[in-house]
Amino acid sequence: MVVTKKISLQSKGHGDIIDITPEVQKQLAEANISEGTVTLFVTGSTAGITTIEFEPGLLADFKSMWERNIPADIPYQHDRAWGDGNGHSHVRASLLGASLVIPFSDKSLVLGTWQQIVVVDFDNRARARQIVVQIMGQ
Amino acid sequence: MVVTKKISLQSKGHGDIIDITPEVQKQLAEANISEGTVTLFVTGSTAGITTIEFEPGLLADFKSMWERNIPADIPYQHDRAWGDGNGHSHVRASLLGASLVIPFSDKSLVLGTWQQIVVVDFDNRARARQIVVQIMGQ
Amino acid sequence: MVVTKKISLQSKGHGDIIDITPEVQKQLAEANISEGTVTLFVTGSTAGITTIEFEPGLLADFKSMWERNIPADIPYQHDRAWGDGNGHSHVRASLLGASLVIPFSDKSLVLGTWQQIVVVDFDNRARARQIVVQIMGQ
């Protein structure tokens, strides 16, 4: 069985990190599937998805890591061609990745206690985002 | 239902970025499955897979990011042991990752308009590559 | 059909890289499923999962890459708040990612010859770890 849903959210961009764990759990609770995988996919090329312990210090540390390793303030050929100033956003998103797959059993995601599902919006402006949530199993 | 196929391609190596979106869409069109996931997997340890906006400026930016953060011209213990000079290729591939999972619905992948599926071949020579395309759903 | 299992392992932490390929293959051999995906998921927020050629030189190179790009010896706000000194472990784990999906066909994983499945434990102490292995297919 397969159920395909969407989570709509509003991000502030600029590395905004949004916890979607409660929404994913809600979608899973509503589906009539007890064991399988939830596949999450970010539509768009300037945001990514991962898991993190969702506490303010670590969110700041994760943002700093991106700024150190893929800085916003160096020249990008994407920006020279398109002038939208978000070359760094694309490069960060491609490295982090657009998909995440989480198994569940007895309708419960196998996440750790300090492990939340997050969307990271690297774009250089606020964005409306759609995350596809596909639940497959039995 | 499960359908397992392969995409064969020829890369130039050295960070070559190859858009496989049309091939994946073709495989999906031929499968008799309307809703589910496409799992893509790169066989081999010196290439990875992700999504990116496939335009020349950004492809150059993505290559520069790899060169800055995981340079080819620093010493690697892999190279000292094996002498094939592709230690950086392996390290980059392990960071980027070998698998990508994309949901589809009504036989249509949930990709964004500016979001293409790409194989990144980090090896230091041209390579024939096989990408596994597995379609699962109903 | 879906089968959900666990691999328990003991890591040394500090970037310890553990080859779980034989365990995953054993789980697959025991499942009554011939074609589908194995989804691997690391429970916890200071370890990740990927594939690598499992040879000592490359394992050292991979560890060096993490130390260069996400150093342990710079200040982390997570550490100031929680005092456990593993801010770098969390940031590395979130970048590497907690999930990996590998197709199989005829009960055989589509891995390359020099491509092993590894858990990377970034925590700053030895840890008991649980890896979820979920096999789905027909």
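Just so it is clear, A, B and C label the chains in written order, and each chain counts residues from 1 on its own.
As a working rule, a residue touches a chain if its C-beta (ideal position, glycine included) is under 8 Å from a C-beta of that chain, and two chains touch if they have at least 3 such contacts.
Given the structure is predicted, the values throughout are model-derived calculations rather than measurements.
Rotation angle relating chain A to chain B: 120°, from a CA superposition, given to the nearest 5.
As for how the two copies chain A and chain C face one another, under half of their interface residue numbers coincide. Centre-to-centre separation of chain A and chain C, using mean CA positions: 19 Å.
In chain C, 69, 95, 97, 101, 136 are the positions where the chain touches two or more neighbouring chains simultaneously.
Here chain A touches chain B in the complex through residues 1-2, 4, 39, 41, 43-45, 69-70, 76-82, 87, 90-91, 94-95, 97-99, 101, 132, 134, 136, going by the rule given at the top. Put simply, chain B touches chain A in their complex at residues 35-37, 50-53, 55-58, 60-62, 65, 69, 95-97, 100-103, 105, 110-112, 114-115, 136-138.
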